[in-house]
Structures are given as C-alpha cells and as structure tokens.
Amino acid sequence: MASKKSLVVEYLKYEQMLKEISKGKRIDGRKLLETRPLSIEPGVIEKANGSAKVTLGNTEVIAGIKIQTGVPFDDTPNKGLLIVTSEILPIAASWAEPGPPNAEVIELARVVDRGVRESKIIELTDFCIVEGKKVLAIFVDISVLNVDGNLFDAASYAAVAALLTAKMPKYKITKEGEIEDTGKQIPLVTKLIPVSTTMALINDTIVVDPTLDEETVMEARFTITTTTKNSICAGQKGFPGGFSLKQIELAVDTALKNGESIRKKIKKSVELAQKK
Amino acid sequence: MSKLLNSKNRRLDGRKLDELRPIKMEVGVIDNANGSAYIEFGRNKVMAAVYGPKDVHPKHMMKTESAILKCRYHMTPFSTGTRKNPAPSRRETEISKIISEALEPAIVMTDYPRTAIHVYVEILQSDGGSRCAGVTAASLALADAGINMRDLTSGCAAGKIDGKVALDLDEVEDMEGDADLPMAILPNLEKVTLLQLDGDFSHKEFIEALKLAKKGCLKVYEMQRNALNDKYFGNGKA
Amino acid sequence: MPEVKRKYVTPGELVGKGKYNRTSNVYQIEDKFYSTRVGMAEVINDSLRVIPLTGPYIPREDDLVVGKIIDHSAFAWEVDINSCFSGFLLAQSVFGRDYSPARDSLTKKFAIGDLVTAKILAFDRTRDPLLSVSGPGLGRINQGEIVSISPTKVPRVIGKKGAMIKTIENYSKCRLTVGQNGLVIISGNPEGIILAKSALDLINHEAHTADLTQKVQDLLSRLNNGEK
C-alpha cells in the first residue's frame, strides 16, 4: 500500500517548476494566474435535494444536499441549520484511507463551510417553519472522488452549484396547527454566488489553482472567497510558510478578479441545468 | 441591529477603534516544561508549554532531516460561557493546525532531526481572539525552551464592528460584529504566517483591517520582547 | 584592545553585519546576522555569536555527561542524558569483545536507576548518542548528590580554566563532577554539599550578570562564616 511518502516530488520536476515559473508559466502550460479546465454538472444525484459534480483539472468532487426537518439551536430559534461537511473518499488516492477525518480534512470541511455560510448565499431565517420548534436543516456533504490539488475550490464550487439548483419541500401549517408537507418542491432562494479562489506561493510567486504536485512543494497557501467583484467573505492561510503583506494584497486582487470569471461559469452551468 | 459603538466611536468597554485590550505576559510559569508562558489578552487567559525536542513516538512519524511539530490548541471546559465538552472538537483541531503552521516557519526545524517538538496551548478563559493569544504565548514558550528560531510569532486580530474597522475584537464584538480577521506575523522577517477572515469586507476594508492587524501584531511583539527581558535580562545589564 | 560589542537579544533580532569566521546561534541573510536564541550577543574581532541563556543539551563527541540508566536490552543499556535522545551504552564496550548475553548479565554491572559518568563516544544527525564508560573517573556513581542546572550555564560553572569549579570545591571541601548536560554530582560532607548547591543555584540564575565570580565568592564566604 502506497503511503504519503510517494507524494515526494522528484527534484528534477521541482527544478522544472521553478524554471517555468520564472518565465511566467507552469509545467502544465498554464499561466501563473490561470485555472485548470472546470466543468460543473448540477443535478447528478436525483434522489438528493440538490447536487453537483465538479471537475477541476483532474480533481473530481460531488456535493449532495439533503434537506430534513430539525430543531433549531437555542440561541437562534428562528433560523434553519446549515451543515457543510467534506470527506476524501478512499477511492480518491492511493494514500487515502477510510476512517475518522484528520486535521487536513477537518480544515477542508470548515473552510468550505465558512465560505458558503459567511457569504449569506441563503438566508437561514427563510428556513424556519415554527419558531423555536421546527426548522429545516440543510446538509451539504461533499465527497472527493479524485485528488489532484485544490480540493478547497472544487468542493466550494460543487457546494454552491448544488445549492443554486436545489429544491426543498414546501411546508404548510394546517388548521389544527400541524406541520404538513404539501408535496410540492420549490427552489431555494439564493442571494448571490460566492466563489473561492485558492492560491499557492511557490518560490515567492503566487499561482492560482495548484495541482497536487504544486501543493506538495508550495511554501504556503491562501484561499479567499469573494461574493462580488469588490467584497470578500472568507479567507484562510494554510501550510507552514509565510506571505508578505504585498503578496496578500496581490492575492486578494487576484481572488476578486478570478471570482468574477468563475462566477460567470457557475451561472452558465446552473442556467443550463435548469433548462433541462 | 446591535450597537457596538457609541456616537463617539467608543466601544462597549470604552476602547477606541484602534486600541488593544490590556495585555499581560509572563515567561517560565510551568516548572516541568522545557519552556512556558502565560498571557492575558483582555479576559483571555492562555497558558502555553513546550516539551522538546524529544524523541518521536510512534517512531514511523519521525523525519530524518528535521523535527516534527505537534501543536495542540485546547479549551478547558470552564473557559467559555456554556461548558465546553473536554473532548477535542473540530474547531480545536483546525485551530491546532493553524497555530502549528503559524509557528513552524519561525523554527529552524532542520536543527533538530529525528525529534518532536510538542507545543500545548491551553485556553483557560476565552473572550475572543484566543487563537492569536495562543500563538503569541506558544512563541514565548518556544523561546523560553531555547529552541532555535528565526523570529518570534506575534498574533493579533482586527475586524469590523458596526461598519467600522477595529482592532482586537472581544467575544461580544466577534459574535455581534460584521467581520473578524485573526493574524500572526514574524515581525522581523515581515511575513504573515496566520491569516483567517470571515464576515463581510469590501476590498478597501480588508486592506485597512490587514494593516491595522499588523500594527497590533507589532505592539504585541514589543510586549513579548519585554516579557523575555523580564525573565532573562532582568537581573543585570550588558 | 579589541572592540567588544555586547547586547541582550531575542530570536530574530539583528546582531551585526559583515564577514565573520566564527558564528554561533545566529542565522544569516546576505551579510546580516540575526539571533536564533534568547541570550547575550557578543561580537569580537572575527567572532559573532549569541551566548544562549536557555536551551536543551545537544550532545557533542567527547562531552562528559552524567546519566541515569533507565532500561536495557540484551545488548545495551539505555541512558537518560537529559537530551532529546537517550544515550546507549553497548554491553560489548563494558564486558569486552567476547561478550555473551547468555553468560554476562547487564544488571550485574549497571542496574536500572544507577547514575553513571560517561563520555559521548559518537553522535551525529543520523543516530542516537553512543556512550563510553572506559576511562578515568567514568562509570557508576556510588555516592553524592545530583543537582540539575541549565546546560547553557555549564561553562560558567566550570569557569576560565576551571577557576569557578575550583573556588566552589575549595570553600565546600567537596568534589564536583560537572556533566556538559547540566547534571552535577557533588560528593563530600553534608554541610559542604549545601554550600556547593547554593553556589550552583546562584550561577544558574545569574550566569549572565557581571561580577558573577565576585558574587559567588561573597556568597560562599558568607555561608562559610555561618551567616545565611
């Protein structure tokens, strides 16, 4: 069984990476700030309330949404629940093993959760059925099917596309005060499209959408989620390295621009899916 | 819509927007540890201890060319408003990783091959910004342990309350405010090694908060130096 | 008179710039040197270093150390030498080349809990320190008290050409064995041991101060004259 040791990047490849970066390119031919081919396919799991499959280069993930009734938290009696989880399936890589999530997977789950939650893509008060007693709980579960770097962005796009195309049951309160499922399905009301952009710092240069090899040699990583061309709602620096303040400012600039372009792509694939 | 600022832009505890809470630091508080420190950031009470470099268990985790850093951020059950279950939560696991990644760039890991350096951050009382206080205490504990470092790590958070960018949010401001930006830097090397943000920032506000947090980190750094001074250089002059 | 520059530093602080032949506890970016420790930075002629005030013991070949036997296998004793790694003492080096585990029992020579003075025979980045007890003054310690000080203070306990250790031995009428790993054995009469311990405690806390030698002398003569 291969261990994570096999992830060591051959020195020759690393040298090649640095050489290309100094010329403004990467070893797969991309420019420094260019993302890999992205495909977003909503509605792949019909039994789920919402779903989307995303491939970003060779990284492949599926997000599935299940909406169930639940009890609200004590301190937010009129808000629904949003729970976002992520999991790297053992099929996704030779070194991935079944079992409880490790720190990396927990970080992935929490960063994607915050990117979705803080964007206010949905208004949780819209999901209250009876204040203090019954609300809707929206579970967004992301499963990684194949790992080739930048799980943060792929998972985020899948979760967002799934939310944008999800349907939830419509409830009504009967004359006797009972909660009844009308059997109708209505789309979720979504306010905006948050877009996550992950960047790696390699040899003091920022590159967008790192592959697994690039993540293995990078000094540090920064993921930023933007909601419009001028606003940010979440961010996380990762990996044992450091950014200068100027690099952070460049990263934010890049994320805002990239966010706009990916936002258009997500919108397009959602519109396509809704036509069907 | 809660009011965290009064008409004169003063906060609930009387502070100005760019003011830090009162901070206390003491180095060398746990006798058994190789290095330790205690910090108070406002009502945050944080203890950090370092054990190591020592040998690695289980042995297969050992690296032949460098030390491994094992960091644990943990909140005591009595540290928060509602009792916190002592079992490690996902939040603590994530913060442990974040703090480890903020400290590691400062440590000369290759000076201690085949060893483990254990850093324990215990939050005894939490009041917003505990991870910044934690990383600051951990850095002092590492210096106290005499582990080779390129720089200290100094932490401080900025944020946005009632639409205005502010420094060092406490718990109420964190929960009721608009956005939060915890940060830690290597002050001499000028590198940001911890940075998270959530909430709503415009591009301009983000840059403003970033710069304000850096200023806060540099003030924290001066206090760290004074704390080390007090323990090590207090009894004599060069 | 060579120019000496001294100042207290913490990790990351600039110590000096230029070309130096001997540097320690600093790291270099271009022509600038920064401290990696809490300590006293000292720049004299072509030497630029930081004398650390705290830090672990990292074994060096030929160091004299005091260790505690904590375990053994059929072939070696494991010795706690107050460092990141345990030291190992091979049975072969003690019993000889024709050592046989069936015939020679390790516990006959050194039992778990015994204290030994040993020399570091070999140590590098790829393996645990190897110890030797062959040599004058090495082997099991049969009497005395053990005191622990920070390994960074050991040079001050020994002093220039052993001056400090001689002073303590003279006043206390005890023998001191100082391990580079910060463990010191004091053997002699009980009153003398108390004297020696006080001196070691003073050095451990004030090693970095000026007039240390005078302070230790004053303390020892005060205690000797029955004052507290």
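Quick notes on this one:
The chains carry the letters A, B and C, assigned in the order they are written, with residues numbered from 1 in each.
The rule is short, and it goes like this: a residue touches a chain if its C-beta (ideal position, glycine included) is under 8 Å from a C-beta of that chain, and two chains touch if they have at least 3 such contacts.
What you see is a predicted model, and the numbers here were worked out from it, not measured in a lab.
When chain centres are set by their Cα atoms, the one at the greatest distance from subunit A is C. Of all chains present, the one whose mean CA position sits nearest the global mean of protein CA atoms is B. Per-chain Cα centroids separate subunit B from subunit C by 34 Å. In this assembly, the C-alpha centroid of subunit A lies 27 Å from the C-alpha centroid of subunit B.
Separating the centre of subunit A from that of subunit C, both taken as means of CA atoms, is a distance of 54 Å.
In subunit B, 186, 189 are the positions where the chain touches two or more neighbouring chains simultaneously. Counting partner chains per residue, subunit A has no residue touching two or more of them. Contacts from subunit B toward subunit A in the complex involve residues 69, 90-91, 93-94, 96-98, 100-101, 104-105, 185-186, 189-203, 206-207, 210-211, 214.
Contact residues of subunit B toward subunit C in the complex are 34-35, 52-55, 64-65, 106, 108, 112-115, 143-152, 186-189, 224-225, 228-229, 232-233, 235-238. By the touch rule above, subunit A contacts subunit B in their complex via residues 103-104, 106-107, 109-110, 114, 118, 120, 220, 222, 227, 230-245, 248-249, 252, 256. Interface residues of subunit C facing subunit B in the complex, by the touch rule stated above, are 6-8, 10-14, 25, 27, 34, 36-40, 52-56, 84-86, 125-126, 152, 205-206, 208-210.
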